[in-house]
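Just passing along the structure, written as C-alpha cells.
Think of it as A, B, C and D in the order they're written, each chain with its own count starting at 1.
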C-alpha cells in the first residue's frame, strides 16, 4: 500500500511539473490584474484558475490567487520570481509564487483520539491529499503501529503541563530536521507556547471540537450538552496565541436532539471534525487560504 | 383572503374535533406506558402518534406525548381529565391534556424588521400554522397596514428603555383581554422585565439572530463578521430572565464566506431566522415541546 | 409600501451608476485575461469582482465575469462596447457588457399556487431582488389583489391545452409591449410551445418541484412519496423545449421521513421551491449565469 | 488493535445483557399499545425507548419498536416469545423479539473501491458499529491485507458475468457456514441473481452512488456530470430484484458546481457514500428499520 501512495505522489508531481500558483495581496488600485496577467502572458504562462477579492474597491486590500501552466517552469522559477518582484514593488504587494510539484511537508501532531489522524491518512492514501507526511508526533503511543506500517517516521514524546519546554524544544528540532512547512494538530490536546506558535506563523492548523466562538476552551461537547443546543459543530483554524481565537478556515455542523447524550455528541462530533479538518488541510496545501487580520480568505 | 384563512381554521377544527393530546412527565418507573395506554383504551381513544423519552431508565425522568382520536372528545374532556388525574397522582406526573380543536391564541410582538412577522403570517395564510393570531403589538408603526388588512387587531405601543414599566403594563392588559396563550417575539428587540416573563412561563418564544451560545446579546451579525465565521445561524428559544439563555427550541445555520459583508450576513440571516422561528412556533402550537430544566424535549 | 420599493430601486441605481459587468466566453488561449484587464485599465475601470473558469486549459472554452467601476460609465457605454468589440474579434469572443443601473425587466407567470410568487415579491420589497417587475401574468385570478396593491400591472389570461396558441400570442404581445428581459415561471404549470421558448433563449426561468433528473414531469411529490425517498428537492432551470431538461441553475433539498404524507412533502417542498427560485432569479439578475451547452456556469 | 475491538464488543454485550427489542406491525386498531405495554410490565420489563407510527389511524397499518430492559432476559427469552405469540395472534401481528447482546453477524462484499469498506471497519474499530464481521468477500484481491490484519476471514472470489452461478453458489455456502444475518454490499459492483436475493429478504444492504431515483444503473457520476446537477448524492437501500429499486433506507447529498469534473464528483461522492452506508448499517443493526411495501420506516 505504501508503495502505492508514493507512486501516486510521483505521478501527480510529474503531471503538474509546469503548474504554478501565485498569491498576491496589496492595497487595491486600478491596474493590478492588468499588470499581473500581462506578466504571466509575457512569460508564456496560461492562467488556469483565478480568484480575486477586494475588501473595498476604494482604499481596500486586494487579494488574488492565480494557478497557471508555464512550460519549463521548474527551470524558470527563480527568474520568474526575480522579474515579478519588480511588479510587486510598484504595487506594494505581499506575494508568494510556488510550484505545485514541490509538495508541502507536513507534521501531524496527535494524542489519544485517532479519528482526525485516520481521516488524514485516508485522504492521503486515496490520493486526495497531496503532501509529504514528514512525521507524526504523539504524546500517547497508540498510533505507532498504524503510522509505521505506512513508512512514516513516528515520534512518541509524552507531553504534559510540566515538561512543556523540553517537549517543545524536541519537537522544534524535529520540525527543522524534517524541513516541515505545515503542522496539523489532529486533536493534539496540548496547548502550544507563544514561542512554538511564533516559529510557524499561520502554518499550524488546529481542529476545535465546537462551532467557534461557542464553547471556546475545554470540554465543548459536555458544555454543548448542558446548554441543550440542537446543532453541534467543529472548527478548523490557524493557531495563534489566543486560545481558539485564530483565523477560522472552515466550520460545519450536524443536527442533534434531546435523545443525544454527551457520548452521542462526541460520536457525531468526530465525524464533523474529520471532514472539517480534512477540508482545511486540503485548502492549505493547495495554497487557497490567505490570512487577512484575524480572518481567512479561502479561494 | 382573510375570509379564506378563517374558513381554513374552521375546517381544521371540525376535522379534528375528536383529536386530543396528552403530555406527561414524571419520575421513570415500570408501568407508566401500560397505565396510560390502558386508560386511553378504556376511554375508547385510539393512539395516533406517540413519542417518549427517558433521561435515564434508572432514576431518570420520563416524558411522553400522545396524540389520540376519541369519539365525543369535546363533551368528555372534563371527565377524562378528572379520571386521568387519579393515574397521574400515583405516578407523580406533571401532565396536560389539550384538544387540538381548541386553537392557541397568540400575540406577535414586532419592531422595525418585519421578515419574521411576514413569515408567520405567510404560514398562517397558507394553513400551515394553526392558531388564532389574537393581536399584533409593535413599537414601530410600519406593519399596521399589513396586519389590519388581515383583520388582526394591531397595537402600536412605542417602547423604549424609559417607559418600559408603562408599556409592559399596557401589554399585559392586552394579553389578558385577548386571553393570549403564547407570545411570539418576532424580532421585537426590546428586553422584557422579569415581571413580564414570570407572567408567561415558557410561553414566550424568541428568535435570536445567532447560533447560540455564540454571540449572546446585541449586534450578533456584526460580531460574526468581525470573528470571520464561515457559518451563521439563528436560534429560537423560550424567554427566561437570563438574556438569550432560555431553553433552545430550534437552531439552524447557513454557509457564508469572506465575500459576505455585514449586510450580506443580515440578509442571509433573515432567511434562517424566518424558518427557525416558524418551526419553533409550529412545534409549540402542536404541543410538541416539553421544557426540562434549561433544555427542551421536542417530540 | 409601494413608494418605498421604488425609492430603494432608485437609490440602488444611483449608487451603482458607474458599475458595469462584462461577460465573456471564447476558446481558451493565453493572453485573454491580460487583454481584457488592460482594456479595462486603459478605460479607467477598476475591477471589483472577477471570476473565471476554463473547461480545459488546452482546447477548452474560457469564461470570465468581471464587475467593474468606471467613472462616467453611462455616457461612455457605447464607446466602450465599440472598443471592446475589436478585442472580442481577435479572440473570437461571445460577450455582453451591461450596466448595473439598467435594471432588468421581468415578467412573472403564475397559476394557483402562490408561494413562489410571494417569495419573489418579498425579496423585491426587501430590496434583495433588484429588478423592475414589469407585469404579472396568471391563468387564475387569485393573485390580482396582492399584485395590484403593489402597483404592478396584472393580466389574468385563462390558459389551457385548448387555447394555447391564442394565449401565447397575447402573452408574447405583452412581453414585447413591456420590453421584458426575463420571464420567471413561478409555478406556472402550463407547458410553453417551442415558438414561445425560442423567442426568449435562456431568458425563461422555471422552478421544478423535484430534485431533477428525479421525477421529471407531473406530480413529483406524489411520485417521491410512492418511491419512499428520504430527501425531497427542487430545481430551478432555464426552460428549453425538452420538458424539465434545460440547464440547471440551482437545486436544494430537505429531509423527510416515513411520517410525511404527500401533503407534508408539498408543504416542505414549498419552502425549498421558494428559496431555490429566489436564488436562481437573483443570480440571473446579477448576470452571474453563463449557459454552456446544457449546463450553467454560475459565478 | 484487534484485541481491542473484541474487548469492546464483549463489554457492550455484558452491559446490555438484559436489553431487548420488540418490533411489531399489524392492522391498526385501538388497544395495541395497551396490550403490548401491559405484557412488558407483567414480565417486569421497563420500556427504555419506544417509537410508533400508523399509516392511517383508520384501516391503516400500525408499527411499533420498543427497546426494553428486563432482568434475566437471556434466560427468559424463549418464555417471553411464547407468551407474546398469544397477544400477537389476537392482533394479527408480524413481530420480532431480539436480544441486543446477540450481535448480528455480517458479511461485507467489496470490489476494487475500498472507501465504503474502510468506513465500516473504522466505525467497527471505534466501537460505533456493534456487530460481528463474520467475513469479507471480494472479487478483487486488494483488501486482503487490511482485512486479515483485523483477524477477519477474507475470501477472494473473482466474479464476472460469466461465472455468476458458481460464484454465488460458493458465496451462499460461506454465508450459511458463517451463519450470516446481514450482507452489506460496500460498492460490490456485481449484480446479484434473484436466487441469491430471495435467500436474504431485506437482509442485503447496498450503497448506490446517486440520489435515487435519479441515475439508476451504471456510471451515475458520469451522468450527473453530463446533466449538470448542482448536488450529488448517495442512497442506501435494501436489495430486491429490481435494480436500484429496493426500499430506500437513507440518502444524503453534497453541493457541487461547474468547476467539478467527473473525478471531483467521484471524490465528493465517496464521502457521501461512506456516511450514508454507515448510517444505514447502524440502523439495521439496531433493528430500527421496518420494511413496508417498497418503503422503510426508520425508527
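One rule holds for everything that comes next: a residue touches a chain if its C-beta (ideal position, glycine included) is under 8 Å from a C-beta of that chain, and two chains touch if they have at least 3 such contacts.
A quick note: this is a predicted structure, and the numbers were derived from the prediction, not measured.
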Reference chain D; chain at largest CA-centroid distance: C
Interface residue identity across copies chain A, chain D - same or different by half: same
Turning angle required so that chain C lies on chain D, C-alpha fit (0 to 180°, nearest 5): 180
Interface with more contacting C-beta pairs, comparing B-D to B-C: B-D
Inter-centroid spacing, chain D versus chain C (mean Cα positions, whole Å): 43
Whole-Å gap between the CA centroids of chain B and chain C: 37
Overlap residues in chain D, where contacts from two or more other chains coincide: 49, 53, 259
Chain B contact footprint on chain D (complex, rising order): 28-34, 37-38, 40-41, 44-54, 57, 69
Partner chain A, residues of chain D touching it in the complex: 1, 49, 115, 118, 122, 126, 128, 145-146, 259, 267, 270-271, 275
Chain B contact footprint on chain A (complex, rising order): 53, 211-215, 227-231, 233, 247-253, 257-259, 292, 294-298
